[in-house]
Amino acid sequence: MLTGRDILTTKQFSIKELDLILKTATRFEQALKEKRVLNNLDGCIVASLFFEASTRTRLSFEAAALRLSGRVISMPEAAVSSLAKGESIADTAKTVDGYADVIVIRHAQKGSAQTAADYAAHPVINGGDGSGQHPTQALLDLYTIFKETGDVSGLTITLLGDLKNGRTVHSLSYLMAKYGNRMIFASPSSLAMPAEITAELKSLGGDVSETSDVDEALAESDIVYVTRIQRERFEDPAEYERLKGSYVIDMKTVARAKKGIKILHPLPRVDEIATEVDAYEGATYFRQAHNSIPTRMALLALVTGRA
Amino acid sequence: MLTGRDILTTKQFSIKELDLILKTATRFEQALKEKRVLNNLDGCIVASLFFEASTRTRLSFEAAALRLSGRVISMPEAAVSSLAKGESIADTAKTVDGYADVIVIRHAQKGSAQTAADYAAHPVINGGDGSGQHPTQALLDLYTIFKETGDVSGLTITLLGDLKNGRTVHSLSYLMAKYGNRMIFASPSSLAMPAEITAELKSLGGDVSETSDVDEALAESDIVYVTRIQRERFEDPAEYERLKGSYVIDMKTVARAKKGIKILHPLPRVDEIATEVDAYEGATYFRQAHNSIPTRMALLALVTGRA
Amino acid sequence: MLTGRDILTTKQFSIKELDLILKTATRFEQALKEKRVLNNLDGCIVASLFFEASTRTRLSFEAAALRLSGRVISMPEAAVSSLAKGESIADTAKTVDGYADVIVIRHAQKGSAQTAADYAAHPVINGGDGSGQHPTQALLDLYTIFKETGDVSGLTITLLGDLKNGRTVHSLSYLMAKYGNRMIFASPSSLAMPAEITAELKSLGGDVSETSDVDEALAESDIVYVTRIQRERFEDPAEYERLKGSYVIDMKTVARAKKGIKILHPLPRVDEIATEVDAYEGATYFRQAHNSIPTRMALLALVTGRA
């Protein structure tokens, strides 16, 4: 169903395709637990092109490829200069298309993954395109929600923090809308979800509301998805100082929230979740990080037709 | 015939050795097309040491090694500082010689690959040594010419652009001379082929002429090998502005050239070939880039005695 | 005996464990000589996280993993920024713990490897933690001493050069003390072995003396372990100029030393050993560098329970 397809945005998937991804990830995770050596990508080369900093996403994709016995050629973001040196993304894609069977690309330019996909014959997976999308993060978030709650619909989820600049929450919100979940956007007003995304979600039938009252939101939520608020996003430093505390999750916040609330975070976490929360059973963010492996294994295997 | 040998310069090869490389590359390309998993380098480690920027060459060598089931340890150019930190190339070569079965090295210093080869017991392949040679690029160019024209001799080839600084055209010209092809050097006079290379080519029996009339050259050429003219190579910016247009290939240039002319370029291409040319049947540069894989597979397999 | 264990410091090992490491390294080196393909780490992923410059150690660990058919995800020091970006070592360790079966970490912060080990369930190997320890270098030094002298005890060893800042000599001195060897510390007084280490070695029963007379020390030594004296370690440049000559090993030094003295050096060597010494039979430093492969293979195989 996904063989030969590119993974560019979460908007592209049907429920049936999403279910297939979840099912495949579940199967691979089981195999990993049983320490079975998988050979799905035997003889396949995965090109891992990171034009923008993301060691975490890069290592996770590469580990996923290797877990399936794939082989990896890797361009860490620091080595970018040479390949990027004045060359268009189209030319880079056409060249690397001859080296590899599937291309994972992260690039600061919005739309870059789409361009690469337009020019490469092999499947292209978007590892984050600037302020655009980060679909594989959202899919591992979905897989995490599925595993942690046993369901993907009928949920209330608060997206918390910097909703303006976070491509992760943008990508995830489309998936949540697709499954008919209720979404609460809790952010400082200057970092609210972009109006065009909110409008698009509503047009897709999304149940969306906005608030700046974090406690109220969490009191009704099965899940809170935390993102970091970066000081440099504020024009007025005083506003940052005034607001940042409200968006920090600690055990007091958890105590006021709906019982059993699951806390997700795409990581890296700096201080927006207190380390005391790590011991809380609903703190899923490290399990979530580990879910990147079976999820990305599923995507690599599905697009190459080897699941 | 090449087992245990270093690949340092295109001058080193006999016609018989070149034929073996072409034949081996052809065989590997066929295997790739049939999606056969090759195990020639099973258990071998290839060290990929890039002291100078060249993600493209690095990724291509690593993909070639992996296609043969080799294993790769990689130093991207950005990680150079530590290994290079005051250490001689000789010491680096002696050290890495204990880690790997074959060493690919790119280094800004002319003669660096020769030095590495002098000190390493395992085969060393020159991935570009400053203004010196880039023999594996020239060999994949040769393989491209062979595939695109069905022959390696009896051809007229124009080398176009910056012939002074381009190690790629230096390396290629020796191969062309060896096969008795006619060469036309078309460049601004300040970027002409170095006199000592022209002299050496002639002493080897090379049929060489020079011109600054691009159209005239292309009207007689089966092949044009385009290189980029970099602004910073000119002392006088006005001269750059005056000349650059003459060395840009677009469909008008193609219309004036010999019918069926094949256009090669080592890439990355910036604006010296208009993108409209990409659709032209004789535009071989992306196929040429892909030819790097079977050619470098052939070299790795031949020097390790596993072809 | 070492299955599931972390490798953090040379202080942690019993003689029995050290013997097992030496025996395992010997066995792997024999297999490498016979060009046998080993599959001990088949299906295992080794994470190679280098937050601090050390291409040599990184490539050697990765080659060791690959020699055992392990798979490698690699973060060269140059790619650090993203992973490190404000994230704690604890969080990084917990995340990567889900990607890999064993983690090799180098980080400028003393105690970093211990922290990683505290938070990761999989074994952590310290690849150098700032001014702390570099246990795997000391273990390959020990393996070198064992191979070159046929013994690990009953020896006199001079540690030469900058003993203050060299974590390599710190790590090695504990191993030498454990085996009851006699140690002579020969350094400029401003770069002497830290008093707390000397005291600890003595409390462990170490036979330790200090001198600034290099010739006298070498006249009694079976082994000299040379480290580099860096100009920037001196407050007074004149002192550096006055002293540096005394700590350079050339063939005149060798002539005055005990007959058959073995010269070790962790590399890279700059000018503290003259290249004329390379031809001397007792110059072991390149063989020592190559011993990193079987030693690190042994460590990776032992901690994963696959030796």
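Worth a mention:
By written order: A, B and C. Residues from 1 in each chain.
What we mean here is this: a contact is a pair of C-beta atoms (placed from the backbone, for glycine too) under 8 Å apart; a residue touches a chain by one contact, two chains touch by 3 or more.
Keep in mind that what you see is a predicted model, and the values were worked out from it rather than measured.
Simply put, chain B must spin 120° to overlay its Cα atoms on chain C, rounded in steps of 5. At the interface between chain A and chain B, under half of the residue numbers involved are used by both copies, so each side presents largely different positions. Inter-chain spacing, taken between the CA centroids of chain A and chain B, is 40 Å. Of all residues in chain C, those touching 2 or more other chains are 74, 76, 78-79, listed in ascending order.
Across the complex, chain C is touched by residues 35, 37, 53-56, 58-60, 62-63, 66-67, 74, 76-79, 267-270, 275, 286, 289-290, 292-293 of chain A. Chain A contributes residues 42-43, 45, 47, 71-76, 78-83, 85-87, 90-92, 94-100 to its touches with chain B in the complex.
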